[in-house]
Structures are given as C-alpha cells and as structure tokens.
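Report on one structure; see the data block that follows.
When the chains are written out, they are named A, B, C, D, E, F, G and H in that same order, and each has its own residue count from 1.
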C-alpha cells in the first residue's frame, strides 16, 4: 500500500522541511518513499508545497493526483488542493492562518490552531513541528520515534534547548488529536 | 555523505554527487529551470572538494565550449542544462563528437518547443538520439528511471565517455530532477584513466593538435568511417534495457524515464487484475536496445509506445520491430504527466480492443 | 469623493489585474512607469515591447501594448528584425541583467553598435531572478548568490559589469542613463529617462538604453524596505546614477 | 483633510513601501488578511494628516493607490 | 533578369533571386562557406530593389532571431547558412516553430561533424527532418535536385511558410550552391498574403502578443496538439516525390538532392544496359513521401538508399516500408561525391547479387 | 658562407613547410613572430594555441606547439576551459576580427571580464578573410566588401569596432596593445607586445590581448605593397596604435 | 552524349569567365549544360578551375572525374588534373605559362603560347580569348558564332574597340589549330 | 661585401615586400617561375651593396630569408 500526502502553505512556513523530515523518516524505516516539491515559476506566487509518498512497494509516480492526506497552512493552498483530496481522505488545517470554512463534506477535517499553540509554548517558529506531530498522529505514515530522531539530528548543532523545544512542540501536536 | 549508505537525495543532487564521485573535475553551466539545483549543488560542493573547477558561464554556448577546452586537456567534465539551453549547445556537441572529446551533458528536459514550460517532458528525444547538431555523429544517451539509476548511470557515464571518447547525454526531466528518493552513493574514484591523446602542451615531445577540420574529403570520410565503426561497436556492446512482466504479456508498453515509472505503476495495477500487460524500458536511448525489443516481438504481437512527446521514441520502436508487430503511440506532449491510473485505463482499453479483434 | 480630486491613479495602459511579481519587486514599478510614459507620449498604438526570458516574461499580461516574446538574451536581435520592418514604430526590449549582460552580450553590443533605433529597458537587479537567484554579470563583489555561496569572488568570477559605461564608447548609442526605483525621487527620474529614451527613438537617433537598479526581495532575501537600503549602500556606489550619454545634436 | 488615498486591498502584497515612505504615518498594516494571504496596507482616515503628497502612490509597485487632494 | 526566359544562374543566386521574386523582404545572415554567394547576392540585389532589408548579423544566432522579429511583423523573411551555422540556429528554429512564425531557412550542407569541410554532404538530414532543436516540432524540408527546382521550391517555400505558419528549410550542398545551370525565373509576386496575426503595434485595437511560454501544461499540451494536427495536415497534403524508371524496376535507389542527380545518371546508364533499376526521389524530406514509396513496394522488393551521410535518410525509408521490402544503405559521408559511374557499379553489383539470391 | 655569420634565419618553432596563406598575408608574419617569442621565452613545452575558424585555422601545420581548434568565435571559452585545468600552461587564442569581434563577442568580453589568465592574438584585417571578403566588425567606413558593395555605411552597418579601446575598461584585462605588421618597425613592435602579453600571462595577471592590423591582399584586392599603404592611410587613423592598458603593479 | 571540360589556372587568369561564357553559349544553343567552379579554401591556394559539361541529355553530375578536355593555364593545374583526363582526351596548354614537359602520352596535347600571341596582338588581357577560340576549335563543344554573340554582349558596354579586339583574339585562337 | 642574404626561392610567393623594403635595392624579381608558379625574389649578389640590415627578413611573411653579416 502507498500513502500520499500533500503539504502546502507559503514559502518560508516550513512545509518543505516538514516534507523532507517525513521522507527521511520513511527511508529510515526502510519504506519506499518519494518526495516531490513544486518548483520554478509557481514558487514566485508565494505558495510552496510538496508531496510525500510512502509505501511498502515501489512508488510509480511521486505526484499525488488524488492524495490521501492534505496539510494546509494557508488559504490559497486550501483552494488549490482540496478538490483533489481523496474522498474520505484527511485534511489537516492550521486554523491560525486558514479562516476559510467552505470545506468539502466528504473528507475528514482536522483543525488545529498551531500558531496560537506555538505562541503559547513561547516559540512561534515551532508551529510546523506541532503540525507535523498532529499529522503523524492522524496519518500514521511513519513512527513518531523515527521523526524525533531526525529532529534531534537536525537541531542538535543549534542547542539542546532548541531540540527540546521542537520535540515538545511535536508531542503537543501529536497529542492534540488523541 | 558516506558511500554505501542510504541517503535521501534530490534528483539533481544525486546526479551532481555521483559525477563528483566519478571524478568530474570541472563543471561549466548556465542557469535554467528546472535544473538549477544541479549547478548550485556543484558550486557549493566543488568549493569544498579539492582540485575542482566550477564556472558559471555567460551562456550555454560558452559552457559547452568550456567543456570542449577542459575535455581537450583530459579532464573529466560536465555541463547541464534544459531544452532551450541544450539546443544552443548543438554546434558544440557536434564538435565534441567530431574531436572525440569525452564529456557528460545533462539535459533536464522541459515542455517545448520554444520557451514552453518547466514541466517534465521527453520531447528532446530526437535531438538527443539523432544529433541535433550537424554531421554524422552520435552521443550515448542514458535515461534513468529512478534516482538510484541516476546515480549509477551518471557514475558510469564518465567511464563510457572516456572509453569511447564520446559525449554522453543524460536525459531527465523536472520531476526526476526535483524529487527526492533514497539512494546509495558509490565511492570516490581514485584511479582516473590516463589520456595519452590529451593536449597539455608539447613538453619535450612532438607537438600535437586536435581539430575537426578535415579539408580533404577522403580524410573526412575515413574519419567518419572511424566514428561509424565506433558507433557500431557501441551499438553491439552498450544497449541496456529493463523489462517487467513481459513473459506472458500480450501487450507491452515501451517507455523510458519518468514515463516508464508511470507505466510500471499502470502495469502493476493491471497485472493485479490479471490483465496480461508488460513493460519494456530502454535505459540507453542510443544505442537503442533494438535487439532486446525485437526479441520480445517473438512472443508479443502488440506494443504501445508511451512517451511524453509526440511520436519520437515510437520511431525507434518501429525501426527495431520492422513490421514484426503492431506498434501504437500514446503520446502526451507539453509537460503533461499522466497518472498510473489514467495510463492503466488507456492500456486496458487497448488490451480489450485487441482481444476483441483477435 | 466629494470635494476631492484624483491626482494619481492607476495608469491607463496598465491592465487592471494582479501581477505575479513578488512583493516589493522593482519590475512592478517599472511596468507602471512604462505604462505612464506610453500614455503621456500617446504611442500606445505603435509601441511594441519585446519582453525577455526572466521574471518579466509575462509583461504582456500587464502592459496594454503589442508584444513579442524573445528567446533568452536575443531581445535586441528580435527588435532589430522588427524595427527594420516597421521603422515608424517604437520598439523596445525589456531585459534583465542575465538576459542582457550575459547570454545576450553579443546581440546587445552589435545592435547598439549598428545604432538600431530601438530602446532597451535594462532591469539590473544583480541576480538571476526568475531562475532563483544565481550570480548575474552585475552581482556585486562579495554578494552571496546560489552559485556564489561564498560571495562573488572577482578573481574567479570577475567583477560586476557596468553596462552603461561599457556601451557609451559605441557610436551607435545615443542615450544611456542609469537610475533606480527604490525611492520616490528616483522613480520619477527613471520615468524621465524612459521618456527621453523613447523620445530619442521617435527622433530616430539610434540606440538608447535606460538601466534601472531594481529590487529583488526574494533573491536578495531581504524585505522590500531593506532592499531599498541595499540599493543605496550596496549598489549605487558600484553603479553610479545619471546620464552616461546623450546625443546633443537634437533638442530634448 | 487636505488629502486622502484609497488602496485596492485585494491587490496589495504587503510590501510596506507605502508605509515606509508616508511622511505623516497615515498608512498601517491591516489585521485582516486578503484573498492572496497578505495583510494589506490600510489608510488611517482618522488621523486626518494626509496631505495628498502622493509619495505612497509613487512607490507602490502594484499601482493600487489612488491619491485625492482637496479641490482648491 | 526577365521572367520566363532561360538564364544561366549560380545555384545560390537562383535561390536568392527566386526568394526576392517570392516577395522576400528581409534577409539576415552570417558568412559561411559554401553559401557566401547567397548573402553576397542578397546584399547587392536588395540594395537595388525597393523596400528590402539586408543585415549581415553578428552571428547565426542573431540572424535567426532577427528572422524571428521580422517574421513577427508579417514580413517574408529568409536566412541561410551551412551546417555549423544552422546548428547554432536550433534554439531559434524551435522558437519559430512554437510561435508559428513563417520563415525560410537555407542550409547549404557541408561535410561534418564539427568544422568538417566545405564539400557537398547530406549529413544534416536528421537535424532538418527531426528538429535539431528542443520540443515536438517539425519544419517543412525541401530538397531540390537541380537548379530549376531550387528556383521553384524556393518560390514555393514562402507560400508554404505563410500558409502553414511554419519554418521551411531548403537543403542544398556546395555543389548545388556553386554550380550554374539554365533556369527560368518566375515573376515578382505582387499579392503577398495579409497576416492578421502579425504584431505591428496595437493601433486603435486590442493589444496582442505572441509567445511560446505556456506555463500551464494543459495549455502547452493543447498547443502541441494544435501543432500536431497541423503537421498531420501537412503530411497528408504536401509530400512530394519524383521517380524515374520505376515501372518494371527490380531494384530502386532512393536518393535526394545531389545524390539523386548522381543516382539518376547511374540508373540511366544501367537502363541503357537493360538493368532493371529505378530511382525514387523525395523532394520533400519532411513530410516524407512515405505513401508514394510504400506504394512502390507493392511491386519492388528491394531498395537501396544512397545518401551522402551515414544512415539518416535510410531510417525514413525503413519507416515508410515497415518491413515490406528489403532496404540496404549505401552511405558516403564526409563530403565525398561519388560519380554516376561508380554508383552504377555499386548498383549493378547489388542487382546481380539480388538476382543470384532469387 | 665563409667569413659570414647568420644573423637572422627561420625561427626554430616555425615548421619548415610552405603555408597556405596568400602572398603578402599578415598571418604569415604573425606566425613567425609567435614562433620567435615562444623560442625566446622558452615556453614551447607549455604553450597551447587555440586557432580559430578563419584563415589561420591551419596554424597547427606551421607553429610547432600543441593546439586545439575551436569552433568559430569560441576561442576564449575553449581557452577558459583549458587554462582552468592547466593553470601553469601558456594558453592563447589566435582570432580574426570576425571570429573575435562578431560571433565571439560574448565569449571574448566575459573571458576578459573574468580576467582569465589567457592571451588573445587578435588579427584585425578588417574583413572576413577565409570566407571571401565580407564585412567584418572592423571594416572601416566606406570600405567595399562583398556584403557592402557600396561601402560600409555606418548608418546601416554601424561604425567599425575598436576592440582594445572597448576592452580597456574591464577590470579583468591587464595588457592591451595594438600594432601592425606592415613595416619592419611595427613588426618588431608587435613582437614586443606579444612578448609582454605572454610575460603577463606567465605572471598570472589576467587577460591580455595584442591586436594586430594585418594585410589581406586577396580580399582588399590590393597588392601586398599597396596593402601596406592602406594600413597606413586607411586603418591606422581609425585604429590608433599603442598600448591601451598595462597593469602597473608588476615589473615588466 | 555529354562532354566535360576542366579549365584550370590561376585566379585572375580568367578561367572562370571562360567557363561561364562556354556554358552560356551552350544554353543559348538549347543544350543541357552545367558549370561548376571550385570554391572555398582551395581558392586561397591561388588556383582556380571550373568544369563545364555540355550535352544533349540531362547532366547527372556537374563534376568531371574523367573529363574529355583539359585546358591548363599554369603548372600546378597540370599536375593536379592531367591524371584524370580521359584516355584519348584533349589537353590544351598555354605554353607561355606552362613550361612543364612531362605530359601523359595517351592524350592529345595541343600547345599554344597564348600570352605571347596576345602580346603581339597588343592586348595581353585577351590571352584567354585566344585560349577559348583554340579550345572551341579542338572540342567543338559549341558553335563559335554563339560565343561571339556573348563576347559582343559582354564587352559592348565597354567599347566597340574592346569587342573587336576580343573577337580578333578569339578567331586567332580558333584558327591556330586549323 | 658586408652582408648577404639567402632566399629559399621554392617557398617565395613573390609578394614583393622584401624588394620594397631593401634600402639598397639588392632584391629583384626573378625571371624564372618556381614550382608554385610564382616569380620569386632573388638577391642581387653582384651589387655587393647589402649591409645585412635584415629588413627584408623582418618583413618576409614566409620567413624564408636568411641574413648573413661579415664576422667582425
């Protein structure tokens, strides 16, 4: 089985980094995985998104024309992608940034005010870790422990405190939909 | 990055890193989407590694001629671009072929003609396999289908280039360039081949020169014959292809690169439903694996060519089969990437029609 | 708006659609100035623009005049072909620094030298914008770009090229000026230069070029306001502003 | 009120240049996001300080500021 | 020179004069042997005729882009070059094809690859017929076999270019360019077609633009489909060929241009000796006259492709015949011009071997 | 020759074969000077020449050093590739005016601007020699060529380009000089310039170029002796001789 | 039947003009005809030559690999071409410029000191008219009258005197081998 | 005789530059054609005027003039 997720938002919101983290985790778990960002002229529009596909068999196309999951960090991305989400698929919204309410009825919508949560936790920049945690909980695409390992590697050079903050944020997101 | 360990790499980086490990000393290139990550990677990495040269040239024309100069000295050298930029290199590639200068040229093809778009496409197949430049010449053309193959073929490209003294083209597209996949990297080459023919200053010996001007037609003709024999040698030795589920197939898709990836997904889907389709995937586009394909025609009566262009690959398929089987084209030009699901629908429709006919 | 008079609005020949430029990008401002000058000189009927491969490739979506897209760097050759067929039209190219000063060097210099009666709007933002911020011929020494990760090193990459200065000695050039769009004053100056260049073309004098230092917030990785600071401190010292050449024979 | 401006907020990209250049501080960042996900510039009518100098319109890359001045 | 009267003209002048009479308003080009007489002729004659533009450009790259600009305004326009120069035009030709700008491009092919020599050759066949540039596009390719045909095809080329909004290539070689032969010239065209699409300034109307950037893949794809349908229309309507002594032939030579001239001489020679050989001569190389050739295969079992290159034309012959007849290649690369006598020897040897087999 | 001493003979590195140049052609003389300088500087072992497409395309048949032929106009790009791989060699291009100043404009300017440590021997004979006498970028105003049958018209064809003057403002250039080979004095001067350029390269200073006004009797349709007159009267006034740039930092 | 002639000498000696005159005459006589000069790099060597083929049937190749006639105006041309002259073919030499004596024995050699003759006639430049006359006599490729008509057209703009001088020279050559 | 020269006549192209430049008029055009069909330059030994100045060798494009001077 192959699962595909599209992560979409503004450039600079960290969606690409989230995608790479997810893909790396899948590789560590010896799964088949592909990661595909949008590129080129589209980037200039301000939106950035990527597709992560994870599975236990070869992945033919890294493109998701009918993704299982959608993670949306801004309004234009919701407009752009909600129509292709698989019927019955899961849509995770950062409601701090997406106020839009007109969402398809045949999908599961998960809402999280990640920015506010992050602000409360005292580190606005860790909003995407909250999202990542929440997404993992919903999708089960990879094991949270694998992702934690990567967070560790990524932020280790900065400081142990940064590592902790990010891990905390991750868990906060993960637990949010418990 | 350690060798022999799985790492997640972007397609363009996979090519760049494999090139560096193959001993690529020089990179000359000019920006163009969707392959900018490759020169950018080379700019960064070549600054870290000893004895490497990175030059952002003023144009693709300059780049290919810098490649020509560096190759003349015996260096392993590479450039990369995308369709319009590669068109600008055609004169230079003809010169490289004529002078038998080894070189590796990456074309991350985009939708065309003209400025087109930056979406994945395969419409430079003719240009690559027939020589878009002037004169009778060929380049070896490699078409990886997944990132590990990008690594392996890039690594091998430098050896092929040196062995046959020939330009080697690697074809990819924006999807192959931008996506990430786990790959295992080979070790850095230590033992680069000596090149007696290289022009490095006469030293104490006789002075030498390399040129493609051969005013005497008979000299030019024998040079062309020499090249031709070399090309025939390559045609005998180097064709590579891969196939999937062809043993009992009644309909075989022929596709390479990204298209083959998608085709494989479609075939897998249909096989799961018991539909007897298979996939033939050329890995070398020139030399075209004609023999392997013709061999399939012993048992398979119908081929569907799936290309992200309009009737280019199909010619090689027809030439290989020479009327021995039915060949049909499903081409999608302009950068459209169909999904495995869509393609499987096309395939099963064709398959059913075929069974109906029979 | 009772009792109030509109004194500035959107120019007539700037289409009323959002553009694709990044926030704070100089291209947008330059488009507006072109639309204003075309309106003021009343040449919308005979103006033809040749947009480049570069961020401004979609200029035809924004400025309401006829356009023909050129291959990367070949703007002035295309303009030559057009102007020789349509000598009474106002033909101008719109080119970035990669387009004009790298791949298009030969075409630029020879069109200028032949004194083709065309105008070039040269947008110098010191990087390759469209392709994502690689070094351009005009990148200043030390500036970090995606292909000069340690900063432009003149010993390896050469120093930035100064195109107005470079073209000035050619007899075929008749109007060359450099300005910016980073401040109200300079924006007005730029408009004046564009007007002078077009007027020169209307008098059929020869080759004219306006070089405009322009902000690229996305690739400079600075906010639009910070960009204005970089133009002041990083660019103007390298690229002095002003008129580099002006044919004196005609009244201006 | 000697002058006033109108900003077509839907097309604003929040570059901030108008805010930076306004000598009277009449422009500020709106709290309401627009369709393009930018927080657009907004004219502070209450201040009544606008002289209609037009600098904001001159610098606005999007050409979406209209400037009005009192009729003499 | 009067129309409808025999005059002795040099090949390049025949092309130049025919172009001028077809209404060619602009010539842009760069010197290269063996076609310098053409720009030189244009420089002289365009100075004499009213309303014509001659520009010696700084390079072939500039030339093809000047052609692009002039064509955009609706003018009839032409450039010419020889192999390496035409390689440099490949990006521009792809743009011309994408924007559907009518234009006439003469390639007086020389020996290659690389700098090669200036002898007559046909080794740019692939480049011309398959598009040496990037993307899915085609050019109409005309290959005159004698100077009257150079005149007629050049005259027609401008009409074809305008009718289909397509670049038209005329292929010749140094021999066809330098030799003189009597020709009859057509009259000057007075009634050039109006081009609504041309970009000439918006006037009082809506502003317009022409571009090849089509960022949306579906828009690019439909543009490609539109081009493809046009190409199919041309493939149905415009193939042209000529044949000689094929009625009862047992072996037919396929050759074009200079090679066809020589082949005709050889066939005539052999026919005089009762040897049943014939000649099939494609006049349009693209669209290739596949139908006419396949028709011949009803009665002829064996074809010998004679080309002054190494295996280019032969592919189109094989594709046309699709296994229905035996196809053999006699290629002479590098600028060698065999004589009719030599070729007749080759032919009769093949002919005898064939009869022997049978 | 009893009692006599040979004071001038054929230089060691000029192969003892007849060349293909027309009688009185300046290329022959320039070849000789190159052979002499290479001998004097003792750099035959590490000199590499990049001959052009142009009359000098067969230079490898005459000068006894390693050579790699370049595509028309691309000499300096090829030299860049070679020199970056072989930084201790003396790499020079040999280029005609069509090759260097027309089709090769962009490569020349950018190699010069990058300050590639290479030398260009620029043979300016004011026409395209090899292709039979068409207008070159350096053809002087009024000069008749096969593509300017009524003489070069600056209004249509542009004025002649002055390459030394043009390159001088580029920081990457370190030695630029112009001379001729039409008189014994100038021939000696040319040799000195070539030597200075090579010495500069040996010091790794940057881009050097010697521009040599050179006779083309065949295409000027003048006798070799008349050609010398044309150089004096027709060319030198347009192309003043002398050193245009010389880096002062190093001893010469 | 097709007859082929190679005319060879130095550039400037008028061989190309002779060839064109011959070809034009053949055209006027409604014969099939081709004219082919050498070109390009070879020209630089100083030699110039051309091939004229005339016949009553289509001419396949304008190249003469085995010409029937050879007209030689300088020594290098003799070296270059004498070996390909058809056995039994005719070779016309301008002995004023070709002192070489080692000529194939299986061809007919015609010698004429055209330069001296022309000098005597007071017009050195008409040497090639003498050669042309002589060649026509030997080859009979076209009628002398046709050529005279062309000479007339060619030189008419100069002056009647020039026309006469050239015609005289032509006849002098023509009669030389009577 | 202070000086003398030798001309490799077989390689002379009769350009005449040496003749033009010789201050003593010691070089003239030979009446005998060479293999390349040029009338080569020839040194006039009889004149005994040659000073071995070498100008002819400096201008000879073909580099086929050797110059000799009396040993001091």
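Convention: a contact is a pair of C-beta atoms (placed from the backbone, for glycine too) under 8 Å apart; a residue touches a chain by one contact, two chains touch by 3 or more.
Since the model is a prediction, treat every value here as computed from it, not as a measurement.
Engineer: From chain A, what is the lowest number of touch steps before chain G is reached?
Structural biologist: 3
Engineer: Per the definition at the top, count C-beta pairs in contact and tell me whether G-H or A-B has more.
Structural biologist: A-B
Engineer: If you average the CA atoms of chain C and of chain G, how far apart do the two points sit, in angstrom?
Structural biologist: 63
Engineer: When the centre of a chain is set as the mean of its C-alpha atoms, what distance in Å lies between chain A and chain E?
Structural biologist: About 56 Å separates the centre of chain A from that of chain E.
Engineer: If you average the CA atoms of chain E and of chain G, how many Å lie between those two points?
Structural biologist: 34
Engineer: Roughly how many whole angstrom separate the Cα centroids of chain C and chain E?
Structural biologist: Their C-alpha centroids are separated by 40 Å.
Engineer: Provide the list of chain H residues touching at least two other chains, using ranges where the numbers run on.
Structural biologist: 36
Engineer: Can you list the chain G residues in contact with two or more other chains?
Structural biologist: Residue numbers touching two or more other chains: 41, 46.
Engineer: On chain F, where are the residues touching two or more other chains?
Structural biologist: Expected reply: 21-22, 53, 57, 69, 71, 102-103, 105-106, 110, 114, 130, 132, 137, 156-157.
Engineer: Would you pull the chain B residues touching chain C in the complex into a rising list?
Structural biologist: Chain B residues touching chain C: 30-33, 36, 39-40, 43-44, 47, 54-56, 58-61, 84, 114-115.
Engineer: For a test of understanding, state which residues of chain G touch chain H in their complex under the given definition.
Structural biologist: Those residues of chain G that touch chain H are 10, 46, 74-76, 97, 99.
Engineer: So in the complex, which bits of chain F are touching chain E?
Structural biologist: Listed in rising order, the residues of chain F that touch chain E are 53, 57, 69, 71-73, 98, 102-103, 105, 128, 130-132, 134-135, 137, 146-150, 156-157.
Engineer: Once bound in the complex, which stretches of chain G touch chain E?
Structural biologist: 20, 23-24, 27, 33-37, 39-41, 57-63, 65-66
Engineer: If you look only at chain H, which of its residues touch chain F in the complex?
Structural biologist: 3-4, 10-11, 13-17, 20-21, 36, 38, 52, 54-55, 57-71
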